[in-house]
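What follows is a set of structures for review.
Consider the two complexes below, in which subunit A is the common component and subunit B and subunit C are the respective partners.
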Partner chain A sequence: MKKITKILLGIPLYIWLILFTVVPLLMIFFYAVFEITPEGIHFTTVHLTDVLTNVDYINATLRSIHYAVISTVVCLLIGYPLAYILAKLPERRRNFMSVLLLLPMWMNFLIRTYALMSLIDEDGVITKIFSAMGFGSGMLKGTDAAIIIGMVYNFLPFLILPIYTSMMKIDHRLVEAAQDLGGNAFVVFRKVIFPLTVPGMVSGITMVFVPCVTSFIIPQLLNNNAWTIGKLIEYKFVSGADAEAVSPDGSALSFFLMILVFLCMSVFNKIDQGDEEGGALL
Partner chain B sequence: MKKLTAILKECYLALILLFLYAPIGLMIAMSFNSGTSRARFEGFSFSHYKEMLADEMMLNALKNTLIIALFASVVATIIGTYAAFAIGKMGPWMKSSAIKILNIPMLNAEIVTGISLMLFFVFASVPLGFFSLLIAHTMFNVPYVTMSVLPKIRQLNKSTYEAALDLGASPLLAFRKIVLPEIMPGILSGALLAFTLSLDDFIISYFTSGSDFMTLSVYINSMTKKSIPLSVNALSTIMFTVVFVLLLVVNLRKPAKEKE
Partner chain C sequence: MSHHIIDLFNITKSYGDTEVIKDLSLYVRKGEFLTLLGPSGCGKTTTLRIISGFEQPDSGRVLFDGTDITDLPPHKRKVNTVFQKYSLFPHMNIYENIAFGLRIQKMPETVIKEKVKKVLDLVELSGFQKRMPESLSGGQQQRIAIARAIVNEPEILLLDEPLGALDLKLRKEMQVELKALQQKTGITFIYVTHDQEEALTMSDTIVVMNQGVIQQIGVPTDIYNEPVNAFVAQFIGESNILSGVMLKDYLCEFAGRTFECADKGFEKDEDVDIVIRPEDIKIVSPEEGMLKGTVKSALFKGVHYEMIVESDGFRWKVHSTQMTAPDTFVGMNIAPFDIQIMKIPYNILTGWILEDNQVDIGKINLNYAPQNANASEFGDEETVNVYILPLDIEVMDTVCEDDEENVLTGEVETFRYKGDDYEIQVKCDDLLLLVHTYKKVKVGQKVSLKVPVEKIKIRKREEVAEINEENY
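Moving on to the complex of A and B:
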């Protein structure tokens, strides 16, 4: 009797999950391999193979990965020291600073990016400073740097917060023990603090890398000539000249992007677990 | 030496904050511009705030955003809380597969989630509009609610619930008086998270809304092709101020509560 109620309790949840999560994802695959014409439905792998062979698509994929890797590295280089400094502040200031870091996230993402755009536009402040310093026209808009700045600007807090959280969780006795055993500040950092923040770093990297590699609105606003995979998908479904609601090319690209994202995530998770095993061996 | 590193640290913090706040500061300053340029300040005026109040399409988009966020977060809170209970009672195999599927929208690229829902609506011939947006927002909000309620359910003390039953309470009364107050913080933080995610969402809304029911983000995006009028800055400034004040109140109230 009890078992039956347990199963009955679970069924509506499974129906919800299958209907609104699994089935929609299967739809991507369905529209990538089945073409629906007035004569009927026929199976084709043209669109899927096209994703892997079309030079434009490959370039867009490589470009997306390129932007995402650079942005994630820049976020890490800026964010890690910041999280470290933040974790060492006195409590009241620490809480205040973390609210300050989160506050921009409460502003609509489009408006934030648009505000950034007006800073690097033709008559924007940063452009003026750059040209006053003698960097040619100093126009950042329309360059790769503009996209990287846009991505770092939007996603930096995503990286800082998990690292900061894992730093706050560090048992201070471990640090003291390392110091007592004669470790200098650098050794303590490398052997104790850094390994303990790896899980936070991995979740931070995932939270920055995934939106970067799939982004379409940042490239569209800051450098419209750069075709990323996200922009291609949007183009195929919505804004392109021959866009259609069930674009097979767009579906194939989306399917490919989904595989790419989950592949990256499993790689990041492997790094995390691998490191934990190494840590246990020490 | 120590003083120098302290100064360097402060400079670093200030620099990052400047990077994060300069665009927002500029956006707020320009909302008071009497001219229409986004880069040159011509004089102080409230003219863009007046324009904003007269812009019916924008106010309508704001209303739509609030309606969707409210409905989607309420529905997602109910479904998400139920899901947390169902998962709490499941056997290990069903539990792990349910959590895995539940995690997909949180981990997957937003554009893929948006496209998948759009294709689903096209396939099921659901017209893109209020209803499709509501389903889409509820769908991506549910896992966040479940994940914030689930830990509270795990912490739940079974014996107080059983004690209530032994003392003659009906299961419903015991649930209402014992279980609900215990998990309420999880439900509330999940609901708040769902509401803000819904409010801020652009990508999923972009693919699942039609041309006759736009949210604010979708409406703003439709204007980026030309140039966004400064009345958008005015509206964003107001929204930012509201959030700022709310966060301030929440943070000022917290220490007072702890003292009690």
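Moving on to the complex of A and C:
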């Protein structure tokens, strides 16, 4: 009786998963490997091999990974210390600061990126600051740096929050125990705080890296010369000269991207689990 | 045994407006098992944390082996702590947990390996090196926490209610093991607990604390047999506490008649508290009894029965291996040496001296009579201790909201009949005052208390420290 109730309660979830995850996945796979011609449907690996051999596609993929890696590293360098400082603040200030941190995220992603666009334009504030600091001259828009700035700006909170959460979860008595056993501030950080925030870091990295790899709007708005895999897919489906609603090339690219993301995530998870057995990350 | 390893001098500590430790002085002898015992919020854990360095006292000094360590951070102190919830590092296996302190001391790996093995043998968890903390039971985690601390060979081991999370049976076993461990290693143990039985079982010295003040320091038998005040008597074991009068040496009066007793050295007709342990009352026939009463209830407690006998309105708690049925009319006898006479404790408040013989005790300013012949005995704004006897505080007939001289208004927190009068605790904001009164009040009732000007005693803080020393 109870089992039946459980199954019945799960039905909405199953419907959701089937309609919006399983069916689209199957459709992407289907369009990537089957060709629909007036004569009928037949299997083909042309599009998949194309994805893996076309130099332009490979370059776009590598460029996407390149941007994502740099952005994630920059996010980590900025985000980890910020999360640490945030976690150490007294409660009221901490709550206030977290709201400030989250505030931009309540605004539409596209609007934020458009706003950023004007900041890195020829007369943009950020361009001027960069020039003043001696990093090149002229506008940032249309450079690799523009994409990195856009990605870091948009995704930084996704990295800070999980790290911050894992820091807040650390029992303060563990810190005291480490001090009690003779550990100074550095030892306490290296041997207790840092290892205990690795899971938070891994989920933070995933939450930045994956959208960075797949992003198409940031490259498009901030540096339209750079082809990324996200932009390529968009091009195939929407804006390209031969774009079509059912694009075998686009489907194959999407399928490939999904496998790429899946691989990255499993690597991150490996790092996370490896750490439990003794600090593999260090 | 006489060497002091820890000396605390005039320690005070407040969190916000709440003073958790009031002018505490205490020493710990090398190699002893000392227990800080008291109800929650009495300041015992704070005292421990001041010794470990996790809390800084507002004033006062901490000496370790004669050296001032008040400002030394925790990681530089030669003490180790066993925390209440074990606090094992969840991301390290048992070997790494225990090796933590040794690695900081940069010991070679071979030495570490040897030491970890030895200490695991000591706590009877040999071969647990590779296990993760979460896979261990509570009792095993506790032993690892102890091992992690003593592997560093600290001069002092601080234990903050280490057995609190264990079940009763395991707790009893661990009590015996801890005591044995302390004797085997010779390390000074400072142990914090609210469990009086635990304290009595394990300690060489017990320090009973209440509201940030040391009530009594002594060996377990003294603390149990000769409590210095009603608080200690009630906290350590169960007891009947009554108001009485010391008529002369070896003769006292309570519960409406006189009793022979074993105490002397009180003033004639001095008001005192009388403590009688439930197991020291013998139930006899009504004709033979010094006191007569009716059994109200009888409850089996495992080894003995607990009977409540009502006599003249006072409900006596009596323990006996033989049950007397409820509603039986009985007599009760008490041997002279089983009657404990205690001086009535003062209310001790922190005050700041103002001009014109006034002292600020936080809530109000009290007028006081000059303490000595010379007028300017205290400095301006000097922090002092203010002593007021519970008997001297008068419960007024009406609640007065006005700022009358030396009148405090608060709510009754506790209420207890003591055979003759009532003992109440009145909470006036942060102050908790003990008051003896004949008036019957209710818990939660608002009352006004008048403190007579001439009854207030004021002492400088240094003098108090000397008094504490004498008491030791």
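One rule holds in what follows: the second predicted complex is superposed on the first by the 251 of 282 C-alpha atoms of A that agree within 3 Å, B and C clash if a C-alpha of one lies under 4 Å from a C-alpha of the other, contacts with A are read in each partner's own complex, and residues count from 1 in each chain.
Heads up, the rule we're going with is that a contact is a pair of C-beta atoms (placed from the backbone, for glycine too) under 8 Å apart; a residue touches a chain by one contact, two chains touch by 3 or more.
This is a predicted model, so every value here is computed, not measured.
Participant: Quick check on the superposition: with subunit A as the shared anchor, is it clash or fit for subunit B versus subunit C?
Facilitator: After superposition on subunit A, which the two structures share, subunit B sits beside subunit C with no clash.
Participant: Looking at A:263, would you say it contacts subunit B, subunit C, both, or neither? Reply first, second, both or neither.
Facilitator: Neither partner.
Participant: Does subunit B (first) or subunit C (second) touch A:191, or do both, or does neither?
Facilitator: It touches subunit C, and subunit B stays clear.
Participant: For A:62, is the partner it touches subunit B (first), subunit C (second), both, or none of the two (neither)?
Facilitator: A:62 sits against neither subunit B nor subunit C.
Participant: Once the shared chain is lined up, is A:22 touching subunit B (first), subunit C (second), both, or neither of them?
Facilitator: A:22 sits against subunit B, while subunit C stays out of touch.
Participant: Per the contact definition in the header, classify A:171: touching subunit B only (first), subunit C only (second), both, or neither.
Facilitator: Touch partner of A:171: subunit C, not subunit B.
Participant: Just to be sure I read the superposition right, which of the two partners does A:110 touch: subunit B = first, subunit C = second, or both, or neither?
Facilitator: First partner only, subunit B.
Participant: On the superposed three-chain arrangement, identify whether subunit B or subunit C touches more subunit A residues.
Facilitator: Higher number of touched subunit A residues: B.
Participant: Check the residue A:181 against both partner chains and state whether it touches subunit B (first), subunit C (second), both, or neither.
Facilitator: The second partner, subunit C, only.
Participant: Closest Cα approach between subunit B and subunit C after superposing, in Å?
Facilitator: Here the least C-alpha separation of subunit B and subunit C stands at 15 Å.
Participant: By the touch definition above, which subunit A residues appear in both interfaces, subunit B in one complex and subunit C in the other?
Facilitator: Looking at subunit A, the two contact sets are disjoint.
Participant: Under the definition above, what is the set of subunit A residues touching subunit C in their complex?
Facilitator: Where subunit A meets subunit C, its residues are 171, 173-174, 176-184, 187, 191-192, 195-196, 275-276, 278.
Participant: Write out the stretch or stretches of subunit B touching subunit A in their complex.
Facilitator: That would be residues 9, 12-13, 16-17, 19-24, 26-27, 30, 37-40, 79, 82-83, 85-87, 89-91, 94, 98, 101-102, 104-105, 107-113, 115-120, 122-123, 135, 139, 142, 196, 200, 202-203, 206-207, 216-217, 220-221, 224, 228, 232-233, 236, 239-240, 243-244, 247, 251 of subunit B.
Participant: Quick check on the complex: what are the subunit A residues that touch subunit B?
Facilitator: 6, 9-10, 12-14, 16-18, 20-25, 27-28, 30-31, 78, 81-82, 85-86, 95, 97, 99-101, 103-104, 106-112, 114-116, 118-119, 121, 123-125, 153, 156-157, 210-211, 213-214, 216-217, 220-221, 230, 233-234, 237-238, 245-246, 250-251, 254, 257-258, 261-262, 265
Participant: In their shared complex, at which residues does subunit C touch subunit A?
Facilitator: Contacts found on subunit C: 52, 54, 73-76, 79-81, 83, 85, 87-91, 96, 100-101, 104-105, 148-149, 152.
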